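One chain, chain A, links the two complexes that follow: it is found with chain B in the first and with chain C in the second.
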Partner chain A sequence: MAEILSLLNLRFIFLVFLGSIAGLFVGAIPGLSVSMATALLVSITYTWETTDALATIMGVYVVGVFSGAVSAILINIPGAPSSVVTTLDGYPMAKRGESYKALYYATIYSFIGSLFGLVALAVLTGPISAIAIKFRPMDYFLLSLFGLATVGSVTSKNYTKGLVAAALGLLISMIGLDPLAGTPRLVFGVKELRAGISTVPALVGLFGFAEVLSVIYNGHMKQTVEHMDKTRVSLREVLRHWKLSVYTSLIGMLVGALPGAGGPVAAFISYNETKRLVKNPEVPFGEGAVEGIVASESSNNACIGGALIPMLTLAVPGDAVTAIILSVFYVHGLKPGPMFIRESASSFHAILVAGFLACFILLVLGLWVAPKICRIIAVPKNILLPVVTVLCVVGSFACNNRLFDVGLMFAFGLLGFLMRLRGYPQAPLVLALVLGKTMDSNFRRAMSLAAVAENPLMNLFGHPITLILLACTLFVVLGNIPFIKNLGKKKAQA
Partner chain B sequence: MKKLVSILLLLVLCACCALAQAAYPERPITMIIPYGAGGTTDVYGRTLAALLEKELGQSITCVNQSGASGSIGSQFVKDSDSDGYTLLVCAETMGTYRTMGVSELGYDDFTVISPLVGDPKIIVVGKDSPYNTMDELLAAIKENPGKLTMSHSGPGGSGHNQGLVLGEFGYDVAMISFNSGNEALLGVIGNQVDFTNPNISTLSGYIASGDVKPLAVFSNARLEAYPDIPAFTEFMPEAEKYVNIPYTVLSFCVNNDTPEDVVAALKDATAKALASAEWQEFVTKNAADKIFEMYTTAEEIKGFYDHWQSVVTWMQYDAGVAPISPEEFGIARP
Partner chain C sequence: MKKKCVLNNAMQEGIFFLLLSGWLLWYSLDAYGKSYIKDWAQSPSLFPVLVSGLLALFGVIILRQGLAQRDAAAEKKRTQPLQVLIILGMALAYYFALSVISLPYMAVTISGLTFSVSTFEVVTIVYLMVMMAYLGVRNKLAFTLVPVCSSAALSVIFRTMLRVLLP
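Up next is the complex of A and B:
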């Protein structure tokens, strides 16, 4: 306890605050990502004390994940894959003039989600890393498949179009070196393609540049939101959804703790669950339901605490940001692993304290800055869009310092535009791109493990976790077949 | 006005000429790390960069350019000017790109300033495994050919190569590829795989916590830090010629047509950086092999990489892992 108090000095608090401010900007600006900012911080904080470095990075991480929602709500461009779900209801709200309300909800529920995840990190590392280690290759595959199956159902009125988009994403994710055999696939002799398609140029292109093209195509250059509702929603009204938030935070934390899936999967699964649980939202889902924001923001922020658990106890990063935080540890001579919390208790406490501090800074920044930042939506599109375009170029270049990625961004922008025109959702494509490699390698790993087992079928499916995931996946896929859907409806009528 | 501009431009031009003649290095340097932040290459690269900055008196910016087993970042260095302002810290995959069909690059395309470290590999089983010694494990592999599973860090990587060495001596195991050495290790700890061979840097915590049973060091000698773990050759002396080389090798290089004086300046600064107390302490703490002390002269370094390349590429080709024959690149059989 004395140690924790000793951390709470001005310097520590200042560094967390500094990180939070950086996180706010990086997360909110389309194209710049939290993982990019943390990677930059690794080189800056190289010579710093470990606790100082951790304080800054936790600030960036917690606030950065939240502020991805800002651009998602205001200009329909998610700051990171995990904020994709926030656009579904956030942007329609903003278009109705309720951007302030949407940001208010996002702030409160990001705060609750982050807090939930960090509490889990503080008290549940043991049991949760024990669950994570029980996950077999087949389970990772099924979890990803489950995520993909859900995304089709939540993002499009036409399930088939959602699946087509996901399939396209999977195909694109296959580009690059085969993860198990090392041979190049689908690269057509293009050297740069061997590295595969990174998420950032794809995301920035599909959402950012595609948005620019759509506005130009529709000739809405001068369009602005005229009326903006500034009435305050009472806190009591906002907190009405706390039960839903706790449930989706739990999903977020658990999915976050499983390496490879992370924020986007957590947000999509939570959104799907919310749709199932909340039968009669005041506004339909996809048209500006606050429940959608609650689900997405609670779960993607709860992922933070979740993702830190396997990183600290198993040295397996839960997502791109924790992968970089891991390198901060190595650079400072610390070894995450089973002995970490016992041997390096002070660093563990620094992470927790910095994380909790960052949560409160998030709350303050969100409530104070959000109303000011809302004005961006009043900026005419002919001024805003060129700026967005420049940011798209900068962001896609900066992710791996390659000009090739800028070209990819433009290509994805065109693809995203065409998909919008034809009513195909982009979200499944992004998610499939994020998950493709994991699915591919885990499925084949599972097969090669089963191939030498005495009973291959038992090896593949004879585990409780696997069976649960298989049931979930089948439930979603079958539940979306029109024939079965109609069957359910008829029964309800009868 | 025009005149003033012309004079200014002329001055700048002169300044450039003067600068061009100044001794290396006279401007900031970039170090390309062809893997993501947080991996072994990144950690050692950044540590080296910080120490080199002190010796060279110029700032060194580390840039991670990951992808395609490190060949993307390496290609970037190859395509940059050979002026010593773009450095590369690469892993051992450089020796196998061509035969694996990943890239046209090889160690020959670069001048190795110095090898850095090797990360020793240990064969381990889970704590509940029925096997308690290397002998028991080897016997089990012989009895059930192709049935015991071994996880490794990825195709053509150091873990995979060790599985191939076992194969050379008639020990046939089912090799399961994971994304990283650490994930391969977790497969063993999670009771999904029978055994694996992680680097000591990933393993040390799990030895301390008792989650794994270390059976042998994959080398011809025991480790100073872990004197109780027997060397692999104690069980299989005939494997000597395969285990006398380190399988995980980090190297510090520049383009092979870099001017000699620049290479000499870099070699000099690097030698000082590697002899510093900070570097030594860092390497000792990670229980890494100090291969930078074993190969110092240009001939020794070339000899080491030629031998390494020949042993590993032929083994991979013979096992059908590498699709292209080493012969095509003039690599002789060991």
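Up next is the complex of A and C:
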């Protein structure tokens, strides 16, 4: 306790605040991402004290994940993949002139989600890692497959189109060196492709530049200034959904604790669960239902604490940002693993204290500063779109300092535009792009292990966790087949 | 306006995905043939074959959906495809300008804050002006200030404050 209190000095608080401010803007500006900001911080904080570096990074991480929702709500461009679900209901609310209300909900439930995740990190590190450590390659593969199957079902009216988008994402994720043997795949002699498709330019293109092209294609240039309500929402009304928030935070924390499956999977699973639980929302899902924002923001912020659990106890990062934080640990000579909490207690406490401080700063910034950023949607689109294009160029270049990535961003923008034009959701493609390599390597590991086993089928599926994940995946896929769907509806009517 | 389709969107997409899956299968089998790893369980071609199978399945489903809707009339919306092509052309010109043009780097430091002018700033100002003019910005103040201020802001935030390289 004394150690925790000793961390609460002005310098530490100031660094968390500084990181939080940076996180707010990095998340809110289209084309910039928390992973990019954290990656930049690795080089900046190289010479700093470990606790100072962790304080700043936790500020960026906690507030950055939340502020992805700001751009998702205001301009329909998620700041991070985990905010993709927030666009589904947040942007329709902004278009209706309820951007303040949407931001209010996003702030409160991001705060609750972050707090939940960090409490879980402090309390449940042991038991959760005990489950996660039992995961086998087939389980990782099935978990990712479950995520993709779920994404396809929540983002498109036509389930097959959702799955096609996921398959395209898997295809793109295979570009580059194969994760196990190091053999080049689908690179066609282009040396820049050997490192694979960078997620940042792909994301910026799919959500940023594709939006620019879509707006121009639909000719919506004149209906630019959205009406913004000045009415305040009562906290009592907002907190009506606290039970849903706790439930989706739990999903987020659990999914976050599973390596590889981060905020996007958690947000989609939670959104799907919320759609199943809330039968009659005041506004339909996808048209501005606040329950959608509650689910998405609670779960993706709860992932922060969850994702840190395997990173600290197993040295396996839960998502892209924790992967970068892991490199900060190595730079500062820390060794994450089962003995980390005992050997580096001060660093563990610094993470927790900085995380909790960042949660409260998130609340202040979200309620006080984020609504001021609302003015961005009042800018006419014929001024905003050229600036967004430049931001997309800068964001995609800054990631690897390669002009090739800018070209990649434009290519993904065109792909995203064509997908929107034909009714294919982009979210499954993004998720598949992020998870593709993990799926590929784990699938092959599972197959290799099965090939040398006495009973290959039992080796692949004879494990309780595998069976549960397989059942969940089949449930989602079969539940979306029109014939079975109609059968269910007929039964319900009868 | 309603128009009857011979080969509707879904049919075109179904055929495209079938061709794509066929190509991916051919590519994977070809790579497998040339590879020294002959054990399928460890082969880098295993996952691409799996994905090509999935794409083929989805392609067939979409093609079937298209065939089922063949007689349905397609709704035609008012859209701006030419504008999209022009914007894409401008973006490509911007990209090539950033790659090809190389201006000398000039920097001015005022009260510790460095303002730099180089290829990115100049090309971005020109690009923003051209794009805004094309999209119909007629307000002279906005037409001048937005390109200059946004380029300067990006330059200061990225180059000076975050020490990030710009194109």
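As a convention for this text, the second predicted complex is superposed on the first by the 492 of 494 C-alpha atoms of A that agree within 3 Å, B and C clash if a C-alpha of one lies under 4 Å from a C-alpha of the other, contacts with A are read in each partner's own complex, and residues count from 1 in each chain.
The criterion applied here is as follows: contacts are C-beta pairs under 8 Å (C-beta built on N, C-alpha and C of every residue); 3 or more make two chains touch, one makes a residue touch a chain.
These numbers were taken from a predicted model, which means no experiment stands behind them.
Aligning the two structures on chain A places chain B and chain C side by side, free of any clash.
By the touch criterion defined above, A:S327 reaches chain B but does not reach chain C. In the superposed model, A:D178 makes contact with both chain B and chain C. By the touch criterion stated above, A:W368 is placed in contact with neither chain B nor chain C. Of the two partner chains placed by superposition, only chain B is touched by A:F340; chain C is not. Using the contact criterion defined above for the overlaid structures, shared-chain residue A:F475 touches neither chain B nor chain C, since it reaches no partner. Contact with chain B, but none with chain C, is seen for A:K191 once the two complexes are overlaid on the shared chain. In the superposed model, A:T160 makes contact with chain C only, not with chain B.
In the superposed pair of complexes, A:N401 makes contact with chain B and with chain C alike.
The three-chain arrangement built by superposing both structures on chain A places chain B and chain C 80° apart around the Cα centre of chain A, to the nearest 10.
Of all C-alpha pairs linking chain B and chain C after the chain A fit, the shortest spans 5 Å.
Residue overlap on chain A between the chain B contacts of one complex and the chain C contacts of the other covers 178, 180-181, 183, 401, 448, 451. Across the complex, chain B is touched by residues 39, 42-43, 46-47, 133-137, 176-184, 191-192, 194-196, 198, 259, 314-317, 323-324, 326-327, 330-331, 333, 335-340, 400-402, 441, 445, 448-449, 451-452 of chain A.
Per the touch definition, chain A reaches chain C in the complex via residues 40, 44, 158, 160-161, 163-164, 167-168, 170-171, 174, 178, 180-181, 183, 185-186, 209, 212-213, 216-219, 221, 380-383, 385-387, 389-391, 393-394, 397-398, 401, 403, 406-407, 410, 414, 417, 422, 439-440, 443-444, 447-448, 450-451. By the touch criterion stated above, chain C contacts chain A in their complex at residues 9, 13, 17, 20, 24, 27, 31, 35, 37, 39-44, 46-48, 50-51, 54-55, 58-59, 61-62, 65, 77-81, 83-84, 87-88, 91-92, 94-95, 98-99, 124, 127-128, 131-132, 135-137, 142, 146, 150-151, 154, 158, 162-167. Considering their complex, residues 36-39, 42-43, 46-47, 50, 61-69, 71-72, 75, 100-103, 146-147, 149, 154-156, 174, 176-179, 182-183, 186, 189-190, 192-193, 201-202, 204-206, 208-209, 211, 282, 285, 323 of chain B touch chain A.
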